[in-house]
Structure formats: C-alpha cells, structure tokens
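Each of the next two complexes has subunit A plus one more chain, namely subunit B in the first and subunit C in the second.
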Partner chain A sequence: MTPRESKTRTITIEPLTRVEGHGKVSIHMNQQHEVEYARLHIVEFRGFERFIVGRPYWEIPVIVQRLCGICPVSHHLAAAKAMDRIVGGEMLTPTAEKMRRLMHYGQIFQSHALHFFHLSSPDLLFGTDGTAASGFEAPVEKRHVLAVAAEHPELATQAVMMRRFGQEVIFATAGKKIHGTGAIPGGVNKNLSIAERDRLLAEIDQMLVWTRGALGIAQSYTMDHLVELIPFGSFDSNHLSIVRADDGALDLYDGVLRAIDKDGHRIVDGIDYQRYLEVVNEEVRPWSYMKFPFLKSLGPEHGWYRVGPLARVNNCTFIPTDEAEAARKEFMALTKGRPNNITMCYHWARMIELLHAIEVIRDLLHDPDLQGADLVVQGPRREEAVGVIEAPRGTLFHHYRVDANDAVTMCNLIVSTTNNNEPMNRAVTKVAKDHFSGKAEITEGLMNYIEVAVRAYDPCLSCATHAQGRLSLEVQLVDAAGEVVAFRKA
Partner chain B sequence: MSTVQFVLDGQAIEAQDGQTILKAAEAAGVYIPHLCAFKDLIPHGSCRVCSVRVNGRIQAACVQTVTAGAVVESETPEILEFRRNIIDMLFAEGNHFCMFCEKSGNCELQALAYRFGITSPRYDYLNPDRDIDMSHPDVYLDRNRCILCGRCVRVSQEVDHKTIFQFVGRGHEKRLQVNGTCLADTELSATDEAVAACPVGALMPKRVGYAIPVGQRAFDAAPIGADVDARKGGAA
Partner chain C sequence: MTTGVDTRVLVIGFGNPARGDDGLGPALAERLQALSLAGVTVESDYQLVIEHAAMVAEYDVVVFADAARDAGDAPFYLRALEPSHDTGGSTHSVSPGQVLAIAHACFGKSPRAYLLGIRAHHLDDFVERLSFEAKANLEVALQALVDLIGRAHATA
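Presenting the complex of A and B:
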C-alpha cells in the first residue's frame, strides 16, 4: 500500500494469487469513501478462435486443450465431442464413451483436489479462527500450500497423492498426463489394458477414504463458519449446467442444458446443446476482454448465471452415485432444498463432486467395456457442430464449422470462467462493499478478501482469455473522480 | 563389385566401391543422422544433417562416396555441434509446433532433436507466414512444417513417376510448389510413396490424425537410428 499526498491513496495488488491467469480488480469509491461497485477486468486476449481457422478438424481437440494446463482434458473432450458430430460419429461405441468418461472424471478429480488443497485450503485452514472479526486475514506467509504442508502434513500428502491419481487416470486414457491425444473424432485411440486398470484399482480404496475426508473438511468448515460465510460475496443468481438427458441426474460428460433461477424454478430445461445459441448470448463490455454470457430469455440484466460445482449441485435432480447423493442431500438441507446461493459453498459442492468423481472412476474401472476393441465410429459428415461438457469450473461450449476440405472455418468458445464472469464481478463487488466501505485503511489482509471471493469460483483466467508468462491479478481502488487511489501488485 | 577400406572414427570399415559414406556406415552399424537422404533415392545433399569431416573437409555423407584410405570423422564434438546447429536452424526457420502436430512421435526432425538432446530453441524463431493447402480430398500440405528436404519432389518423380512437386524461389524465399494452383489440381494420390516419404508433418494423409496412441508411435520406444545402432551391437 502506497499512501499519496492527497485525499486519495493508491493500493496495489498484483497478482491475485492462487488463481489461474492474469486479471485486475478495480474498486470504485464514492465521495463518502463507500464502495459503489467493483470490476474484475480480464486484460489479456485469447486468440484460439482465430488461429485454428484453416487447420484440419482432427487437430482441434489436441490444439485447443493448450488453452489450459489445469483442465486441458475438458477442452480436449469438448472439441472431440464437436468433431464426433462433424464425422457423424456422435453415437460412440461403449468402449469409446466409457474411456472418455474415465478420462473426464479423472480430470475432475485432479482439478478439484488441486483447487481445494493447493489453492483454497490456506484460506480455510488459516483464514479464520471462527470469529467474524478474524475474516480471511491470515498472515501472508501462511497463505500458501507450503504452510499447509508444514502444519497439516497429512493433508499436503493427500493433496499430492490425490492429484497424482487423477493424472494417472488421464495418462491411462489419454496417453499423457497433460495434453494427451486419447479422444479422436468418432471415438478414442486406445482402450484400457488390464494392467492399467489394475494399477488404478489398487489405489481406489485409499482415494475414497481421502476424498471422504476432504468432503468432511469442506462441510464441517462451512457449517462451523456459517455466520461469516453466508453473506461473504454472496448474492442470488440463476444457475446453468448440463444434466443427464433422461432423468436430470448430475452428468459431467454429456447431457442437456438446464437453467434454474434463484428459487429453483426452471428457466430452460432439456435443451439440446446444439441449440445453445437459442439459449445463451454474450455481452461485450469495453473494460474487459472476457465477455458476459446471459440467458437470452431474460436478457443481460437478469439472465446472467452461475456455473460450476455450486450450479451443478443445485441444478441436478440427483447424483447417480450413492455417497455423493447422500452428501448432496445434506448440502441441500442447508437451504431447505432450495438453490444454495452462498458463494463460499462452492468449496463444499466441489468436494461433493470430488466424491462423485471417484465413485464414477471406481465403477468404470470394474466395467469390462473399457477393454473393448471397437474404438471409432463414423457416419455422414456435417459442416457444423457444438460440443459441450461440464469442465471442473463449469459449463464449456465449443462450436465449430468445418468446410468440405476438412478445414475449420469458424470457432466459438465459451469457457467456464467466462460463464462465471458476472457472478465473479458480483462477488468482488459484494466483498468490497461489505468490507472496504468507510475503511480508513485497506490492509493487505483485507485485500485477500477479494482473492478469497474470486478463488471460490476456481477461475481459470488464462483459459478465459489466454495468459502468457506468470499469472497475475492486480487490484486497484478508484475514487469518485476516477483517480486510482490504491493499487496492489505482488 | 570391388571393395575399399576407409576409416570412420578410428574404425576400419569395408565398403563397396562407389557406395556413399552414409550407406557404408549404416551397413557397418554406424548411424549417421540424416533427413533428405531416403532409401534408394538419388542423393540430394540438401539438408546437410549428415555432414562428416572427410580427410579434413566437411562433406555430406549422403552424397560423398567412399574412397580407399579416407579418414572420416562423424561422432566428434565438432561434427555433432555442426549437426545440432543445422537441426536448431530447421526448427527456427519454419513453424514447428510439436505439441499439437499429428506427426509428433513419428517425425524424423523431432526425433533427431531428441537424439541430439535439443529441448529448447537456440535461435530466435523466424515465424514465417506460410500457408496450408487443404484442397486435395485425401492429402494436405502444411508448408509451415516443410523443411525443404526434397524427398517428396524426388520420390514423386523417381518412384511414383509423377511430376507434382518442385521448389520455387531462392534462399530464404525458397518454398515447395505444386504443379498447379493447389494440391487438388495435381495427380497426387494418398497412396503415393511421396506422401509416406515426408519426414515431417508437411505432406500428410488426411483424417488419420492421432489414431496411433502415445506410446505406440515410431519413436516412442527407441530413438531414431536405434535400428542401425542395434545392428552394431548385434555384430559386436
């Protein structure tokens, strides 16, 4: 924080740590030093939609996953699902579909474990002592995973081992732990060998035990700190995700679009995602490279929505694995069965999905279809297709057109973090209003409040835009005259 | 056919008279890296990756024939560095994105880079503006990846007996051209040997993509030249 010789001050925050990518937060104050609004600016530009134009369509699932090193599988599979339709092969063989599901749930498992343990656990473990006054102002030297390793070595070990297990699932299905090639148009390029299956099965029971523990931490932390967490960065919103087509179950690989409002009333349901443009539109605002999606039927002002674990657990009719479904019921009991609009409950919902993911992985590993030899199907060619998947951070849209010469002519991506753009802005505004207004001094500890709110969404800013170099998010405080009075940049 | 003897890195090698150093070395189980040389094509000597020092002068092993008593240096630090520089420059000159190239794992340029321990670029990329020709129904030509080795030009002429490819331009503007406005105008067939001969991902059959999983590609298990190395090991 750098005081200035005027009635205004400058505080610099850079980066907003433990998030993926670059970004900037500006907090705008009125003359009474009250926060009027805050903005999460995404200041980098993602060029993927342009530079894949002209490339062969079969390259795309491998190219576009380079958007991200954390959840490349999601982009790999969303693009592959679109290319399935391009080659007329969307009715995958059982082996192909189950291999892809295994890959995807392995990805969900490693990404959720990474986010919870490596990125967010310092906030939860050190951020508060259970009193409203302590907030998330843990000393900066404790706000990282190494401090977790020092004080909770068993958790740090689990974090590493759980993430490794998820990566091993990806390796067995995609050929590489990061940026594999397993999904190809119309299917997959390998099955799961008996040896690969048995290596994974040998660890599954331990993973289940640790996952139950992680869910327990998230649940008990939330229940123990409800007074602080219920209002923290919270607001009512719509929720959007895909759900399983026939029964509305949680399905992270495939399904139909469903959106509900803050009270749980369905706004859209059962929509084939090939028609996503009939449901979703995007608004451009001049101060950010990240667009603002909204439901067309409600317009940009009221149609914005949350995606990700919170939206998915709110949205689904049930979770089709036993332990995760029991956990969902306990989660929904907090809000008496109505949608949960508590931003910090993203963590709890994420751990429910972590449990669901490991249950799905366990069940799939016992399925002999994974050892099948029928890997690829093709049918009549199409020139346009959409692939949608539930990535760890939320609904991910990939839309392509391919010409008769097999070259991509158009691409549109709406990534999970982009879908959460307006909610993240709302969360930042809420936190700034609740905690910054009227404060004579904005401390470094208080600045972490902004990061905690953004981090709940697990945003991948590099995926939403395209970051080069180190990740960074800066925070600036702007007074009524438009002057930057505070700026933080690490 | 008469035989001659020459010395390769201190080892006496017996070769057929008129044989190139590259062929003679391979027959003796000594791998000399190369890119433009291909099977029994007329030697081209364009890529210079096979450079060796012959009686004190640097020559391309793929075109230089053996002579009795010649002293040839191949695996010396100087020659290895010379070759490494050439490979580095080939990467810098084109647009080679191994991370998503479908030839990855089967690419001879990439495999040579691994054999030479090249993990990062030594020279600034030139980032040339090159095109991709998707016009042909079964084959595509991605000039971003072309290293101007001339294999396709020669295989098409010598093996396929077609006149499809030729070089145009000079120096850094040299590029591969086809006999027509685009690949679709030519008599190229996906089954032509010219397509299979491309050492990189420039001339590729369409819709194959990543059908071979990681781990089962040509150079996943053993580095390029391992087959020749193994011959020597077997002989020893």
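Presenting the complex of A and C:
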C-alpha cells in the first residue's frame, strides 16, 4: 500500500468490520500525504419506506422489523407507538405500557451487551497497551470475539449469557426473540405470566453483577487511557434525545425532544415529538444514500447533532435508577458537569445505560401490573401519527399517514444511525487527519483506527439505508487526481 | 456419554424464510418439530448468534441445518463439524463452527456436531415460500436427519 508520489491519495476502507451493515470509507490525501477530508459513504439503496405504502396499518409494527435483525424491537415499538395514535389508543393501559417498556429495556440490554463484548471489546482489550504508539493496532486475528473467548473466557461467557438474558426478556414480552408480535396498535397481545416472570427474576442478580463489571471495565479503560482517548475522533457537537416529559429524566421508551449544544445550553426542550418536523430536517448529499439530519433552528452547517448513549447521558437531567444515576454523576464529573464530547466515551455511556436497563428490568419484574388483563385501548381514529423511541443506537423516528381504507399512504423513517451520520463522518475525518497524515504506508492496524471511531457509535447501516442482502464495509485511498490508489476489503 | 434417548440432540434450522429457499433451515426445523421425536430439541432462527453457544453446550449431538449453495447436484450433504477459530465475517452473526468454538471456550463443552446443508435453488427471491426443487430436497434431507438421530440414540 505504497502511496504514489506527487498526487493526492484516497484510502478506502471497505468493508468496515464489526459494525452492522455495509459502508465504505474514503480518505482523500493531498500531494504532501496530508489528509484533506474523509467520508463515510453509505452505498446501499434506501427503499423500505416505499415498501410500506399500501400495507394495512396493523401490519406495520411487524413488517418494519424486517429492516434489521439486530434491533427489530426498536422498529416494532416505534411503529406501534405511531399506530397507537392512529387508533386513538396512545393512552395505554398500565399493563400494556409496562410490557412494552420491559420489551424495550430487554432490547437495550442485549444490544448494548452484544456491542460492548462482541464488537468493541477486542479494541479495548487488545488494541492498546496504554501508549500512544500502540493505538488500536492489535493483530487482525485478535480483533474478534473468539480472541476474547480464548484470552478472557469469563468475559466472553458473560457476553453470551447477558445477550441470552436480553433475548429471553424479548421472547417473554414479544412472543419471539426476533420479529415478535407483542405490541399491537393500542396495546399488547399478552401479559407476563408468573412463570415467565420467575424465570427472568432467577437470573436478575447475576445480570446485575456482570453489568456492574462491564461498567467497571468501560470506566477504568477510559480513565486509564484518557490522554489517548480525549482527542480520538472527538469534536464538539450538539446532542439530541427524548427525555421524560415532566422532569427531564432518562427515559428510553417515551418522552419529549430535547437538544443541547456543546456547552449544555438547551436548543430545544419539551417538544412533543409529533412536531418533530418543526425541529429536524434532513439534508441529501450526492455521495451517500444516508441523509444528514440537522436542527432546523441552526441549519445544516451548525445544526447537526449526536444521538445515542453519549447524547442521552449528556442530555438527561438525571437517571431514575440509583446505581445508574451514581454512575452518571461519575461520568459527568470527568467533564465537570458539562457535556462530554469525547467520542470514545460512547462506550462508558453505553455501559451506564446497560446498568440502567437491568435496574429497570428488575423493578418492572416486581410490578404486578405486568400480570394485568387489560391489554388494549382504542379511541378516535387519526390519519397521521409519529412514533419515537430511544433505540440502542439513538433516537428513532417513525412517521406514517393512513387513509380511510386503513392503508399506509406515507412513511418517513429517521433511524438512529442516520441521526449520527454527520458525527460519524467527522469522527472518520478527525482520526484520518490525526493518524494518517504524512504516513507513507497505511498499515492494517492504522485501518482499524477508522473502524474503532465508527464502531464507537455502534452504527447499524442496514437500518439506516433499509437495505436488503449481504452487508459489509470497505475503505479506499484516493489521490489528488481522484484515482483510487489503495483499497481494502475485509 | 449417555445412551438411548437420554442422548440430548439439538437441531438448529437457520435462515430467512422471507428469502425463498434460504428458509430451508427453518422449514426443516418445522417439519422435524412436528415429528415430536423423543430426546430431540428443535430450534429455528434467522441466523446464528453468540448465545447459541450456551444452548449448544447443553447437548450431546448438535445439527445445524442450513440452505446450501455448495451441495452440487446432491439434494443435501451431512458433514461433521469442528470448532472454527476463523475470525472473518464478524458482525452480529457467527458461523456454526464459531458457535462450537465459543461453546468450548466459554463452557468447556464440545458436542458432536454436523452441518446439514440442503441444496437451495432460489436464494435471492423476496418470497416466503420454498421452490418446488427445494421442497423435494427438504424431504430427502429430513429423512436422513431422522436416520442420524436414530443412530445417535442407538449408538451413543
């Protein structure tokens, strides 16, 4: 991978590994071998919103799960929340709302555990020895959960068991581990039996212990490598999420829109997400199928924002479970109470949410409302509705119009990874400028720097593009003449 | 090793039923489940994931059933499987060999394992049905699987 003389180069990383989906990174270099800019291209076709049109509204919470095999519950619930309003049933019964919350926090738990242990832990465990020189250049054969299993079998075992527990929560609430049917317009189609509750409760203490351990790993890793991590793919940004309506608490199932700037000043707050189009717009750029959302009040240049665990922990006023709130306070102390804009702190924030999720699951399992029999409500019919949820990767918008014949006539989805499009591009550019400039040779280890930065966001590119088929991610190096001079595909 | 129907057999049929013949694995699981064979647990999923390792570790014999492009002219193949330490293709799904490797590393278990590859003819279709040819292959593969389970119970 020797660069050509007297030309700008573009490095293409294709595919990126240990992310969910297919994408390509191109790194454009000038004649002095300095990085001018980098782009995360999403090259799959976005078409799912069109597939939905014409389908009856009651099918949608099930159909939209086909967007993704890793976070189908998020799409299931976001669509169900929109359809609740279509049937006038948005004031769910206690049993219905708590069953959905249990399902959702089970999804958060399994997704965050999978990402931390399976996708990211090889970077954290093998990628650096604490010196700036080592960075994330672990041998490629070590960047895999099998290497974690070989050298840290106790962590790999926890990953397997925590992921399985989350899937069991989903199974108990949605009826299936993948593509469940639990949420229906206006409610749910089942409650939680005593036997199901007791099976889950039997494991809850162990899950709490392992979750505390995972949080400890993320926190100590961050603090031990702070000098390297603070600049790694980092930049100031706005942050967007929903928060609980009455007090701004972290709430991953429902709430109102809040956005803050890099200093913590509120840009929007308390906005009903039915009005999301007054707050958010999307920009199209010709080199990517993934749109670039931004806050309307600030415009595309200054209004882009981050979503997901980092944004949520920054955005919320507090976390309404004891241990996660204590962890949040320690997290915020790192930046003296101001928003944390360190990209690699996504991992720490994600583990705080993992702890919050298991606390919520524990508390819900002790709530007798889950055994209630009042499952569905309906009210005045509507023709248009928005459902929003905080998916594992960030804020997820589902917007539908339904005609008098019950057929969907319009669907607009802004998924979590799309919300993080501009930040991921900035992270790639920052890492490329910091680590690739002036390099005569691009090594496999250096390639992984790009992937580490993207992976912090836990992107799901299949969700973001609504693509079908085989998914992967690639990287290329382009010279000043626009010629591809290096290419890597895992 | 246990004997007779005490031998714990797990069959995991995996694939996407919405992609034509890719649904052969789940279809086989459904057919096998209907037979209610003693000592046999049947699982059906879209893909293999890491928690399958915990399930696999609880059985003596494991059969992964999948749609196959590499069966040649044969309706199916049945191959013995070993743990795989291949680190390629790593997103959120894992291969049967990787499931076995994780089961061994995490739980110290190495069940006897097989891959039942059923020949697929139309893998790229967006339809929730099997092709005529795939259905015929499924029947032959199912009988072979039942025979394998019988032998596992008889000779364990």
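As a convention for this text, the second predicted complex is superposed on the first by the 472 of 490 C-alpha atoms of A that agree within 3 Å, B and C clash if a C-alpha of one lies under 4 Å from a C-alpha of the other, contacts with A are read in each partner's own complex, and residues count from 1 in each chain.
Throughout what follows, contacts are C-beta pairs under 8 Å (C-beta built on N, C-alpha and C of every residue); 3 or more make two chains touch, one makes a residue touch a chain.
Because the structure is a prediction, the values reported are computed rather than measured.
Per the definitions stated earlier, placing subunit B and subunit C onto a shared subunit A by superposition produces a clash between them. After overlaying the two complexes on the shared chain, residue contacts for A:G175 are found with subunit B alone; subunit C is out of touch. In the superposition on chain A, contact of A:R55 is made with subunit B only, not with subunit C.
In the superposed model, A:R66 lies in contact with both subunit B and subunit C.
When the two complexes are overlaid on their common chain A, residue A:A407 makes contact with subunit B while staying clear of subunit C.
When the shared chain is aligned, subunit B comes close enough to touch A:K190, but subunit C does not. Judged by the number of subunit A residues each one touches, C leads among subunit B and subunit C.
Of the stretches 21-29, 75-83 or 93-101 listed for subunit C, only 21-29 runs into subunit B once the two complexes are overlaid on chain A. Under the contact criterion defined above, the residues of subunit A that touch both subunit B in one complex and subunit C in the other are 66, 179. Of all residues in subunit C, only 18, 45-47, 49-51, 53-54, 85, 87-88, 90-94, 98, 101-102, 105-107, 126 touch subunit A in the complex they form. Subunit A contributes residues 54-56, 58-59, 62-63, 66, 87, 174-176, 179-182, 184-185, 189-190, 376, 403, 405-407 to its touches with subunit B in the complex.
Residue ranges on subunit B touching subunit A, taken from their complex, read 99-100, 102, 132, 134-135, 137, 140, 206-215.
By the touch criterion stated above, subunit A contacts subunit C in their complex at residues 17-21, 66, 69-70, 114, 118-119, 140-141, 143-147, 149-150, 153, 156-157, 159-161, 163-164, 167, 177-179, 468, 471-472, 490.
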